Amino acid sequence: MPEVKTRDFPAASAVSILDPQIRMALQRAGTGFDGGRRECIEEVTPQVWEEWREQARQTKLHTLDHLDYYLEMLEERVSANGGQVHFAADAAEANAIVADLVRTRGVRIATKSKSMVSEELNLNHMLESIGVDVYETDLGEYIIQLAEETPFHLVAPALHKSKEEVSRLFTEKLGVPPMDDINALAAAAREALRQRFLEADLGISGANFLVAETGTLVIITNEGNGRLCTSAPRIHVGITGMEKVIPSVQDLAVFLRLLPRSATGQRITSYVSMVSGPRKHDDEDGPEEFHLIVVDNGRSRMLADPDLREALMCIRCGACLNICPVYQKVGGHAYGWVYPGPIGSIVSPMLVGLDQASDLPQASSLCGACREACPIRIDIPRMLLHLRHKLAEEPDAGGRAKGTMPRPIANGFAKVMANPGLLSATRKFARAAQAMLLGSPISPLARGGRGIRKAGLPLLSKWTHSRDLPEIAPRSFGEIWKQELSNPDGER
Amino acid sequence: MAEATGTPKSEFLASVRRALGRQAGPPQTEYPRLAQGIEQLEDQAREVRERVQANRGALLDKLAEVAQLRGWQVRRTPDPEEAMDYVQSLADGQGANRVVRSRQEVFEAVPLDATLTGMGITVTEVAHGEGASRESLREQIAMSGMGITGVDYAIAETGSAVIVPRRGLGRLVSLVPPVHVALVRPDDVIESLDDLFLMRRLEYMRNGGDMGPYLNFITGPSRTADIEQTIVVGVHGPKEVHMVLLG
Amino acid sequence: MTVCYPNHAIHPLEARIDHRNADPRRPHRPRTGFGKALLVESRTQADLFVTCIIDQIYPQVGVSVVRVLRKLGVAVGFPEGQTCCGQPLYNTGYTEQARRLARRVLDGFRDSTYVVVPSGSCAAMMANFYPELFRDDPEMLEQARTLSSKVREFSQFLTDVLGMDDAGATYDGSVTYHPSCHLLREMGVRNGPIRLLENVRGAEYRELPNAEVCCGFGGTFSVKYPHISEGMVADKVANVTSTGADTLVSCDMSCLMNIEGALSRQGSDMRVRHLAQVLDDDGTHS
């Protein structure tokens, strides 16, 4: 697995939020991707959109609830088509399967189309370590590979790179002259990769969907690299998570409508490719071997928890990233692992371990915009709450809750709020303390604006860093009610 | 062929079952789509064909309109002569010396070879055997400025050409040359994605569990917006795609 | 002034969520003797859950809520001993502690016809999250579902229970409206508050750009990740000030505390009001 830096979220987000280039890139994604998505919904009408969402959701729910059945069907049908399915319990096993294919087939050059699961496995690193020249061929992924970074966004991995940076990178790594035209940069990448496509022995792809009934791998792309990777080399290996399966080829209609619209605001992508096995002996071209690696790598943990199973319905469109006010501030790298944004804050903790990623479920205001945007209506806020609950229930070795409100504070809060007399006493004490501190010249508290400008106290200082804080009111509403509002005439 | 490596299937499926807390076996209620057998699909396919037949004019108009919006350069040429003139003008405009085409029925109605050869263009039919090896054909494709194919379906809803590769219809003809020309006959047109997948499923069942190893939707040119969200056409696939609608 | 009478319309949430099967429109059970009960029968009864933030920090909002409801002919009750709905605990994962507070609320509002909550967020806690809190406890779950069917956020009570878009109020100034996330996405209240504002005499309603983006409060989120929360509220403040309105209105004091805190820090003189304060004719409490 690639290095897990999910623990760095607080520090990394504090840096990335100040980066003007990241801010610009995120704004572009917000207006471009999310704006396009909204236009598409208006175009098909929100009513129809809701019908599609419901249909897709029901399909995914059904498949996940019977995942073993459909995986078995998938395996049988791929085999019947002349392909080979391999099952991988974890990243190491998935990499070992690929390494074995490389060794037994004498693979020297591999081209790869976009696959988030391969990022999970750190597959390129493994391939390089056994002497395979591996080329990412999606333009964004290619840039990221040259820059030795990880994807910034689920569908636009190099979103954060300016064309100047890409030009510098190409000059340094490809030896091409500097260029300031984006068309020219894309042409340089095409040029650099064209020969690789034709030389490669191995094409690697991910999968957007796996159709159980027909044993079909479906990929959705725009550039044509996916078509090349699945057509030109003599071996095609598809690598994907076990949750990608859907029952029938007829289910694809609704997913092909939802995914591109949700991802980039496109009505459909330039290409949809469906692979159901190696080429038939009479075909003009196509790989002689087709292997499908179905990866668990922590997914059965999500499957086993009914409160988190929904996260496996994700089709990786990125709509939740484009609308999330937190992702839109901090960008993808701050999340510290393969999957950023709201869905990443669920998937990453479940795949790398909750103790490693305890900061991520907290990185949300629970505003619910992600659920509204999700084409499968995945209830992300509920799952974030569920993870917070797990964190609160499973304190770390020192007995402290991980990342949430400290347990003694929660207990104290509950104790006070469960006892109106105690609340009243606490209120009196807090009022007195507030008055004393506000009246003192050497106090951590100082008035300003419409309330308290400075509060040199734990937690409160985090608030007053850029916001004024209201004071506790002289009388509580309860007191006012008793003194002025309670009306014995027919009312309680 | 190959041996499966990794976790044995039975073990992997057992761990999935454990996670789900369920016993092996099919769902209690069969998934509605899978429950539909070949007879029902035949009936539905007949309805689709009747519907398409009855609305062909409108569907062709819609296809032309949507395909244009998705980035195809659409030309409607009901007359085959006109189609040939148009392809000729495209080849001329490209200055292509080499053109590859598939071996499909549509070229009987639109016999392009003589016209193009007359312009000094080398036309290669991509079909192996008869002295043409797969390797040599692949080289021809890589050198060509234009690839011409028919389509198996054209979907009005999405403006897509659907190609099911097979003998005579290589995958790379519509992919590697910088220009792709798709010849669409009125009979190829269907209305929606639902129609397409119904037909494909029916095909699968009729053929006893085989629908060919590959299928591709093509909808406009190859494109990317991976640098600064700026759209660039012609990354790894064709920069220019033409839909010649023979109706 | 026009007083509109309740039409007892069924709220769409009741039709949508099947667990809301309890009927809040059952006859009110009089507590204070037969004679008074006759008087009570004819008026809509509502008990106020004032929320802890209004109780402790913004009591004037609670006063406006009571005044507006009374002006509209509602018999308002205020069950004593109420504190917090438990949301801060629930949102930080302390479900057992949250249950402790939820039980108090369920008990305190057991006899209510309607429970009016001047906060979308606390209303969502009671209406949507209580049933989840008690999903493994059939008896409490039943109580939670019953309460859920009675809970209405303040604006929702006006538009859906009392059936009015015009509370007959007057306000001098231009107003813009921030829809709080839980009101919008948990309670499904989108247009009601805007209709109410548009019908306030003298008030000019101005649409807020990017209105449905979170203000960055998010409870503990605001102090767990202050740098992100600050960035979010800065955007909100920029949008709010871009309207040129002189009053910002919302239905959640927690969001308003956040936005006002940032406005105040910038030295802005924009007024910040709960919807109830704008609908409260007598300006003395606003």
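In order of appearance the chains are A, B and C, and numbering begins at 1 in each one.
Assume a contact is a pair of C-beta atoms (placed from the backbone, for glycine too) under 8 Å apart; a residue touches a chain by one contact, two chains touch by 3 or more.
None of these values were measured; they are calculated from a predicted model.
**Student:** In graph terms, with chains as vertices and touches as edges, which category applies: line, ring, star, complete, or other?
**Tutor:** line
**Student:** Just list the two chains that share the greatest number of C-beta contact pairs.
**Tutor:** Pair with the most C-beta pairs in contact: A-B.
**Student:** Averaging over Cα atoms per chain, report the distance between subunit A and subunit B in Å.
**Tutor:** Computed from C-alpha means, the inter-chain centre distance equals 32 Å.
**Student:** Quick check: how many Å separate the C-alpha centres of subunit B and subunit C?
**Tutor:** 56
**Student:** Multi-chain contacts only, two chains or more: what residues does subunit A have there?
**Tutor:** Nothing qualifies.
**Student:** What does subunit C use to touch subunit A in their complex?
**Tutor:** Going by the criterion above, the answer is residues 31-32, 36, 39-40, 43, 47, 50, 52, 54-60, 62-63, 66, 75-84, 86, 88-95, 97-98, 100-101, 104, 132, 181-182, 184-186, 212-214, 216-235, 257-258, 260-262, 264-265, 267.
**Student:** Contact residues on subunit A for subunit C in the complex?
**Tutor:** For this pair, the touching residues of subunit A are 10, 13-14, 17, 325-326, 329-330, 362-369, 371-372, 382, 385, 387-393, 401, 404-405, 407, 410-411, 413-414, 417-418, 420, 423, 427, 448-451, 453, 459-460, 462-463, 465-473, 475-481, 484-486, 490-492.
**Student:** Where on subunit B does subunit A make contact in their complex?
**Tutor:** Interface residues on subunit B, with respect to subunit A: 1-9, 11-22, 24-27, 31, 33-34, 70-71, 126-128, 134, 137-138, 142, 158-160, 165-172, 175-176, 192-194, 196-198, 200-201, 204, 209-230, 232, 234-238.
**Student:** Subunit B touches which residues of subunit A in the complex?
**Tutor:** On the subunit A side, the touching residues are 25, 28-29, 32, 62, 65-69, 71-72, 75, 77, 80-82, 84-89, 93-94, 96-97, 100, 137-140, 143, 156-159, 161-163, 166, 182-183, 185-187, 189-190, 193-194, 197-198, 213-214, 222-225, 227-228, 230-232, 242, 247-253, 256-257, 264, 267-280, 282-286, 289-291, 293-294, 296, 300-301, 303-304.
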